[in-house]
Amino acid sequence: MKFQIPIGPQHPALKEPISLRMTVEGEVIRDADLRLGYNHRGIEKLAEERTYLQNIYLTERICGICSHSHTTCFVQGVEALLEVVAPRRGQFLRYLVAELERVHSHLLWLGVAGHEAGFDSFFMYTWRDREVVMDILEMISGNRVHYAINTLGGVRRDIDEALRTKILDSLGILRARTDYYFKLGANEPSFVGRLAGVGRLSKEDALALCAVGPTARASGVAHDVRRDDPYGIYGEIPFEVCTADSCDVLGRTVVRIKELGQSYNIIEYLLRNLPDGPVAVKAPRRAKPGEVVSRYEAPRGENIHYIKANGSDKPERLKVRAPTLANYAATLAMLKNGFIADIPLIFAAIDPCICCAERTVELIDGRSGRPSQVRWSELRRMAARRAGRVSKKRNMEWPL
Amino acid sequence: MRIAGFVPELLRHLFKKPATVDYPFRKLEVPKDFRGTPFLHPETCIVCRACERDCPAEAIEIVEVNAAEKRFKMTIHNDRCVHCAQCVDSCPTDAMEMDDKFEISAFSRWDLKEEWEYVRAVVKPKPAAPAPQAAPAAPVSPSPVKPSESET
Amino acid sequence: MNDLERIERIKAVLGERAAEITNPSPQRIFLTVPARTLVPALEQLKTELGYRHLSTISGVDLGDVFEILYHFGYDGGNLNIRTQIPKADPRLPSICAVIPGAVLYERELQDMFGIIVEAIPDGRRLVLPDDWPDGNYPLRKDWKHVRAAEKIPGGKS
Amino acid sequence: MAALKTLLYVFVYPGLVFMFVYSTFCEWFDRKVYARLQNRMGPTHTGRWGLLQPVADFFKLMAKEDIVPEKADKTMFTLLPIFGLAVVATAMLLLPVWHFNPAAGGFNSFSGDIIVLLYLLSLPTIIFFLAAWSSTNVFSTVGGTRVLTMFFGYEVPLFLAVLSPALLAGSWRLAEIARFFQAKPVLLLVNLPGFIIAVICVQAKLERTPFDIPHAETEIVGGTFTEFSGKKLAFFRLMTDVEMVVSSGLLATVFLGGFPGGLVLGFLRFIVKTLFVIFLLSLLRAATSRIRVDQVVSFAWGYLAPLAVVQLFFVILLKGFVL
């Protein structure tokens, strides 16, 4: 007997709205379908009517968790268009924040994975330790989530010697705790039993479906933009691309844990070799006509911005492809023939950032010409009408 | 793989102080450069409108009240503000500043708007940072005071 | 393999299918391919040169034509394949047979630009609401975004 | 006079009033311990140390709007929470702590009461299933099938584990089992594996992590309770709390030597021993992650049931040859 289970737009496992429809047979998923567009904000259209400077803050708001990824990707591109180069200290600070963001995002993901698997103690501990890196970010930039540290031609804030020492100290704590809790998590049989062998994505599928980031790397595809297409100062930083061959959720966990270690190393390298000098240079407001493709390795994978300039202080076109969108096709492949119980884990394992992937369309009142303010009574009537339709439909599919 | 490997860690925490803070009753300190809510020092504002132009959220509005007296009115729409502090960076005379308040919810969006009415100041822009967006962050005083007497 | 060698090899493989190939900055190659030979060209690039990681597809409205850019990532840079189709007859061949991961980007193109992607395996709407009126394609330049006047609930207190 | 005493039993102590107070206290204890194990605070503000938080939650839920889905079986949907609370409240009366003369029987202590108690503890599972099924929600239905699937896994090991001390004591009456072990406390050690099995099975019966599969919120929203709200949800929650008290009381009786010592001391022992069992349950909850329903069944039949059978055989051999 087959029936459909809606996961989302509102579902406790999803912190953001997305709609997945699962056709299940007993506990086994036979088919999965995806519907985007619940939360579109029209950022690409909006970017065409804002200046480059304002667009930094707009791209920052594409996503909360990887806010620095989008601004850095955008700023890198615009700096190329404006023909300015950020000073070295500015670049070091920019990628320092980028790696700190990767640490906080991966720790966040570990906690979420624990929560989706019902392992709340693990969730609480990892999130408690994530506060360490959140505090560092707050001290550097003045805010916990939207750091707003990038500007055209560099970064906006400098760090002093005291803060540098403090970050280096905190790094030791983070390293020790990450190792410790990883050991504990990997030794808990019920947790490992939930992760191993779940959500398989073979290397061929990962390549064919153009998966990115830890999702692809856990399937043995060693793609990392920081190494493949080095941007900024990544060409001179020593680090490894972490991969795993198990092709399952456990592999994705292992890849992220290993990347945490690599990020700690990169942060240490950046802080120990921090050059002196200014953190920003003056940038012009207008860009010559041209186009640029900017790529960036966000915590979730490859982030790509295509910016086309038309000679004014506003971009002609800004195309944003967040890593999550690239992983959706792979997710649908992973979900098939899994268990209902594994849906949250598989879906969480790509570290979905739904607001990243949903960014393009206007949500203005002009939707189908309906008035924007609907009377309460009418709303109830509409809801009743819709509910009536739904229940009839459900009776057809749901013969109980 | 160990059975119950997590238990010693859990028991260790049973008698430790909780990591969380009893929030509305006890509060954590914010760091010294925290980006709170923007406010204006009207005595140094030269009405160059750099903040109004650069604000990504269109949260700053400057209107002329009286052209002869050079009186202007600035409204900061805190209900739209995204707290990016670009206005602070853009300001050539350090007239904009951020305070460290973060508990800024209100029952009505009207309560969040703040207004200043003032005479345009004659101050020389700081020579060090002619380009507003390229300047490093302006130093924020650790405990700024809200200008209450100049509010209308 | 540096950019120049790559360009030479692409030229050698594609022959006259490669209408124009430029290298405006390091690690970035822009290749122009006519829309009708797009699929065979991509097939050749994939099988013979290993360009199989499609990052995304960007559409740009240039007035009379749509410019479609296929951004491919490779080890060491980024290859952007450009093709143009007339706005009056916006038909584009689907590349999903060659690169299965392209389907979401093609669906997005359909929604946002009104481009008809031919032989797309799944042509449903992706990002626009179900009740979005037909013929409205938000990222076309002639589709203007009119912001409604701001209404703040409650009276001024 | 006897009738008055029975009424007192039923309504005040150990009946409804005591049951309500003690089970909410146990929920508070569980929540607080769980939170402190995770380095959090837990309830803090309602009453001293948040003691009144579960009570406040109960009354808040009682005051909330009570929604019955249109497609639901309304009679079942409405009656099941009340029926479930009644069942566990009845089960609470059978715990051998309230009657201070173990020799004399009564309506709440008779030969075979352990079977009745176990039966009454099995009923809530059936009630959860029926509640899920009658609410006709997709998530509830999946939750309901999970309830039954798990039920077939843990019920047999639980019965086997609880019956081995009964066999050792040679009685089907809880008070007599407890008295037997009070006389020979060393024999409690024999039942240690059975105690561990029983704690795990009780965790599954109470549907707490790692067995919170029927209402796993990240998978199937509220599972069994998706459609329940207001009074009905409050009743179900209270029912789960009482079930926790009764099952930990049962484990304390058969595995930890019961509650001897008359009015004051016996009562104190009841509190301490049940809280100890609840602490173990909280620890188990904090130390594990949720497992899948197929893993529950294979774990129960692959490890728990064979262990319980081995335990039972050992007890039979011990009884036959040594004692």
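Letters A, B, C and D mark the chains as written, and numbering starts fresh at 1 in each.
Just so it is clear, a contact is a pair of C-beta atoms (placed from the backbone, for glycine too) under 8 Å apart; a residue touches a chain by one contact, two chains touch by 3 or more.
What you see is a predicted model, and the numbers here were worked out from it, not measured in a lab.
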Busiest interface, counted in C-beta pairs: A-C
Most distant chain from subunit D by Cα centroid: C
Inter-centroid spacing, subunit D versus subunit A (mean Cα positions, whole Å): 43
Chain centre separation (subunit A, subunit C; CA means) in Å: 22
Whole-Å separation of chain centres (CA-atom averages), subunit B against subunit D: 54
Whole-Å gap separating subunit A and subunit B, where each centre is the average of the chain's CA atoms: 27
Sequence positions of subunit C contacting 2 or more other chains: none
Residues of subunit B whose C-beta touches two or more other chains: 6, 10, 19
Residues of subunit A engaged with two or more neighbouring chains: 121-122, 125, 128, 188
Pairs of chains found to touch, sorted by chain label: A-B, A-C, A-D, B-C, B-D
List of subunit A residues in touch with subunit D within their complex: 3-6, 11-13, 26-27, 114-122, 124-125, 128, 188, 190-191, 193-194, 339-344, 391, 398, 400
Of all residues in subunit C, those that touch subunit A in their complex: 24-25, 27-28, 52-56, 58-61, 69, 71, 73-78, 80, 99-105, 108, 111-112, 125-129, 131-133, 138-139, 145-148
Subunit A - residues contacting subunit B, complex: 50-51, 53-58, 60-61, 121-122, 125, 128, 131, 135, 138-139, 141-143, 146, 148, 151-154, 156-158, 184, 186-189, 192, 278-283
Residues of subunit B that touch subunit A when the two form their complex: 1-3, 5-6, 9-10, 19, 30-31, 33-35, 54-57, 82-86, 89, 98, 130-131, 133-137, 140
Subunit B partner contacts - residues on subunit C that touch it in the complex: 152-157
